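Here chain A shows up in two complexes: once beside chain B, once beside chain C.
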Partner chain A sequence: MEGTLPAAAKTCAESGTESGPRGPGCSLRHFACEQNLLSRPDGSASFLQGDTSVLAGVYGPAEVKVSKEIFNKATLEVILRPKIGLPGVAEKSRERLIRNTCEAVVLGTLHPRTSITVVLQVVSDAGSLLACCLNAACMALVDAGVPMRALFCGVTCALNSDGTLVLDPTAKQEKEARAVLTFALDSVERKLLMSTTKGLYSAAELQQCLAAAQAASQHVFRFYRESLQRRYSKS
Partner chain B sequence: MAAGFKTVEPLEYYRRFLKENCRPDGRELGEFRTTTVNIGSISTADGSALVKLGNTTVICGIKAEFAAPPTDAPDKGYIVPNVDLPPLCSSRFRSGPPGEEAQVASQFIADVIENSQIIQKEDLCISPGKLSWVLYCDIICLDYDGNILDACTFALLAALKNAQLPEVTINEETGLAEVNLKKKSYLNIRTHPVATSFAVFDDTLLIVDPTGEEEHLATGTLTVVMDEEGKLCCLHKPGGSGLTGAKLQDCMSRAVTRHKEVKKLMDEVIKSMKPK
Partner chain C sequence: MAEAVGAVAESLPGDRARAARTVLDQVVLPGEELLLPEQEDAEGPGGAGERPLRLNAGTRSRGRVVCGPGLRRCGDRLLVTKCGRLRHKEPGGGSGGGVYWVDSQQKRYVPVKGDHVIGIVTAKSGDIFKVDVGGSEPASLSYLAFEGATKRNRPNVQVGDLIYGQFVVANKDMEPEMVCIDSCGRASGMGVIGQDGLLFKVTLGLIRKLLAPDCEILQEVGKLYPLEIVFGMNGRIWVKAKTIQQTLILANILEACEHMTADQRKQIFSRLAES
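== the complex of A and B ==
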């Protein structure tokens, strides 16, 4: 079941090629999401942002090892597998970021002494990978029916050396940028759940990027809503 | 009686203090613990520093060795940081391969080094394409009482400022490197990144420099790494409760004052070492 951006925003979001110009209104790449594509996990989703694609599977709430159980909450675990090679320290760091973001939104107290495992597999990486992982994880958690207090989305911002902002950068734009900032925002109040940055930038630029990310997250959340509406309205 | 209440309801116990705008150890919400730094304590290392942030104790040792430069960047050297959290520092760590906390801290330090450009890798090159320095920065925690990232960043910075590399000349005839241990020079440190960590409580309150217990009770953490021009090298917020833009701005201003405090302390320490 596919969901895409509404027609009005589609014109400026169709920048399939790296050199395509982006409108100042909404400069996110073309999105696509497919849910319930894997049979074994309780929930699964595949999220596409331009050419970046991540597949997520959620198992839970399920049995937890006694050493890892928490008496009043669910134990959340995130496993991130890169496209090539074995997972390293960078993957561990990303897993920690995604896990803490999920912990802030998942209502773990409703399922104490259980484990919720999110497995992410990078299918292709063409920039904004962490944001795509976050979006895939959110959609997979929704598909699994895990109770959450809010949805979350990931948005990446790249700052060029002349100070211009590019949202949802491609791999080439990320490499040439002076700084790359990734934010995770929640759907209720657009608060900042998670942030990780690379490169040097000033506090004013940070606020600018955050504001741009908050505006862009509107599109992502609208897309979530429509894709879920389309899925459940078939019945 | 207070000890009993603390064991049974640690969060409520803590909230009572926060209501009065202070913490169990008597600090204000925006106050750091006493910071002490001691440099040059490890004589076998090329540079070393011991940093104490209240009870949190972290030691950093720098060893420089030779290596062939990477093929895709023949004029650059290497800086390899590693953070080790041994079972010595806290009962939550077991011996064996590095746990998640140590790996995340190592990745954080590596990011800070790369983002802030504290040392230009070109400065570490001796002979392009043939020989360069590799700086192994080993950061070991001796006592874990919260706020490990701030302590590690400070220890790394102090150790790098203290590190001295001997002069190396390449003998044209033999092509071998000749090390002159008598002539040592300090590293060229370009920026001074300083980390400031905050803990978020109940989705609203922000406290600075959390202790181990506070980190455990907190609903989120945030670390800001700033250099002397007010530029941010790293904004590390690994999940946890949401923050608005205004709260972030408060954190930035606190980070700026912290940077000044740390810089002053560093300069004093370096000045006291110089006569050697």
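== the complex of A and C ==
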């Protein structure tokens, strides 16, 4: 069973089908990523996970207002705009989570007294929004050439009331789940950078979800590598 | 549930540091660690860092390796911080171990000492001009930093003028300073850029490609129309031809050069040469 599991997970990530029953620990939705699509920002990327799509733009290292400057590192700002309506408290809280993740990874000490701004626009939301935002932010930071000590990715897990684990849940699965956990993992040693959870779960289930997320992050990082190689092979 | 836990135990690809030599000209991602040739021997078949004892005192290790843009020293290894292709240049005079760097595509310029850039004068305050060079801060340019400038004989620079100069001070902690003279006091092409012409922005990678010694794009463009052209390492190009139409054509060609293959370029040049 353990031998076949990675193979099954691999085909699910590449096949692009979202429907159908999903086994435990498998099946991330189909990914797509496009870089350098906006002309104004220094770096931009669009990340698609199934039907969830987020567009990210990065400006930096640029000028910073004297009130916001930090003397020995770059000031990182994240702005998240929802698809409809004005940004509210939920967006502010997600911005803070994304900012904390980016600050752990970006080498801000190379650009003191500058600002690096990440602007995220939700194009469509069909579940796992925070993970998609994290992935889009990472690809946009790479596109802008901001120095980083590692790449990062976001993975969402949903726990159903019967204890089954679903990775990369759709909006419907998130609503019916007992708990939804989102993790941000780094690419060097799959360490945990950020976690945010909602719902009821036990400590053992948390460890289980984390392990499943770490296994799934391999596919995301492999996808990053393939798409960046494709981009540089054109030039 | 045991399956999920078991999956983590498999070895994660890309964890081990790879030798820099084996990754040359390949795409590297931020977070990868590269081994330099000396460490490679230490981690080789001997294992556990055993190094064979050399009996001849000569042939010391190749010397210091220079760590270029996109790489940082991390312990005794190189950590990749930007995504791009890894390049290496052999040492010219036999000193050192050469330079390693990452060729990345970027739009944002970060001032580097010695770079020649095109700046736009944004303010005149007292004895210095503030020049926008596309970085995070405007650079300062003293009015005495022009050829033949004295306190009585001030250079004729207005707000909005284009300046071609080089950085004498450019580090992450201080405001960048530029001058329009070289170390001997001569202008050597630097100073205020003349009237007319068109200034446009391209990516930094394209500028480096156009300024490479073996680039044919520039020669082909020169055969097309007589032109004046200035390249700034901050991604700005100023171009001037006889008529406005020719200037615009040249600007479009240079901007499109980034995405065109050599054949497409030759086609376009031949079509323009006919008309």
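Quick notes on this structure:
Just so we're on the same page, the second predicted complex is superposed on the first by the 213 of 235 C-alpha atoms of A that agree within 3 Å, B and C clash if a C-alpha of one lies under 4 Å from a C-alpha of the other, contacts with A are read in each partner's own complex, and residues count from 1 in each chain.
Here is the rule we use: a contact is a pair of C-beta atoms (placed from the backbone, for glycine too) under 8 Å apart; a residue touches a chain by one contact, two chains touch by 3 or more.
It should be emphasised that the depicted structure is a prediction, and the values quoted were computed from it without experimental measurement.
Once the two complexes are overlaid through chain A, chain B and chain C fit side by side, free of any clash as defined at the top of the document. Look at A:79: by the touch rule set out above, it reaches neither chain B nor chain C.
With both structures placed on the common chain, the touch criterion links A:189 to chain B and to chain C.
Contacts of A:112 after superposition: chain C is touched, whereas chain B is not reached.
Within the superposed three-chain model, A:70 lies out of touch with both chain B and chain C [touch as defined at top].
Within the superposed three-chain model, A:199 lies in touch with chain B and out of touch with chain C [touch as defined at top]. Taking chain A as the reference chain, the count of touched residues is higher for C when chain B and chain C are set side by side. An angle of 120 degrees, to the nearest 10, separates chain B from chain C at the C-alpha centre of chain A in the overlay.
Within the superposed three-chain model, A:211 lies in touch with chain B and with chain C [touch as defined at top]. Applying the stated contact rule after C-alpha superposition, one finds that A:100 touches chain B and leaves chain C untouched. Shared-chain residue A:171: touches no atom of chain B or chain C. When the two structures are aligned on their common chain, the gap between the nearest CA atoms of chain B and chain C comes to 12 Å. For the contact definition in use here, the residues of chain A common to its chain B contact set and its chain C contact set are 186, 189, 211.
Residues 100, 103-104, 106-108, 111, 114-117, 219-220, 227, 230-245, 248-249, 252 of chain B are the ones touching chain A in the complex. Contact residues on chain C toward chain A in their complex (touch as defined above): 1-8, 10, 12-15, 27, 29-31, 70, 72, 79, 81-85, 104-108, 110, 135-137, 172-173, 205. The residues of chain A lying in touch with chain C in their complex are 1-2, 5-6, 9, 24-25, 36, 42-43, 60-64, 107, 110-115, 142, 144-145, 147-151, 165, 186-190, 208, 211-212, 214-215, 218, 221-222, 224-225, 228-229, 232-233, 235.
Against chain B, the residues of chain A that register as touching in their complex are 89-90, 92-93, 95-104, 181, 184-186, 189, 191-203, 206-207, 210-211.
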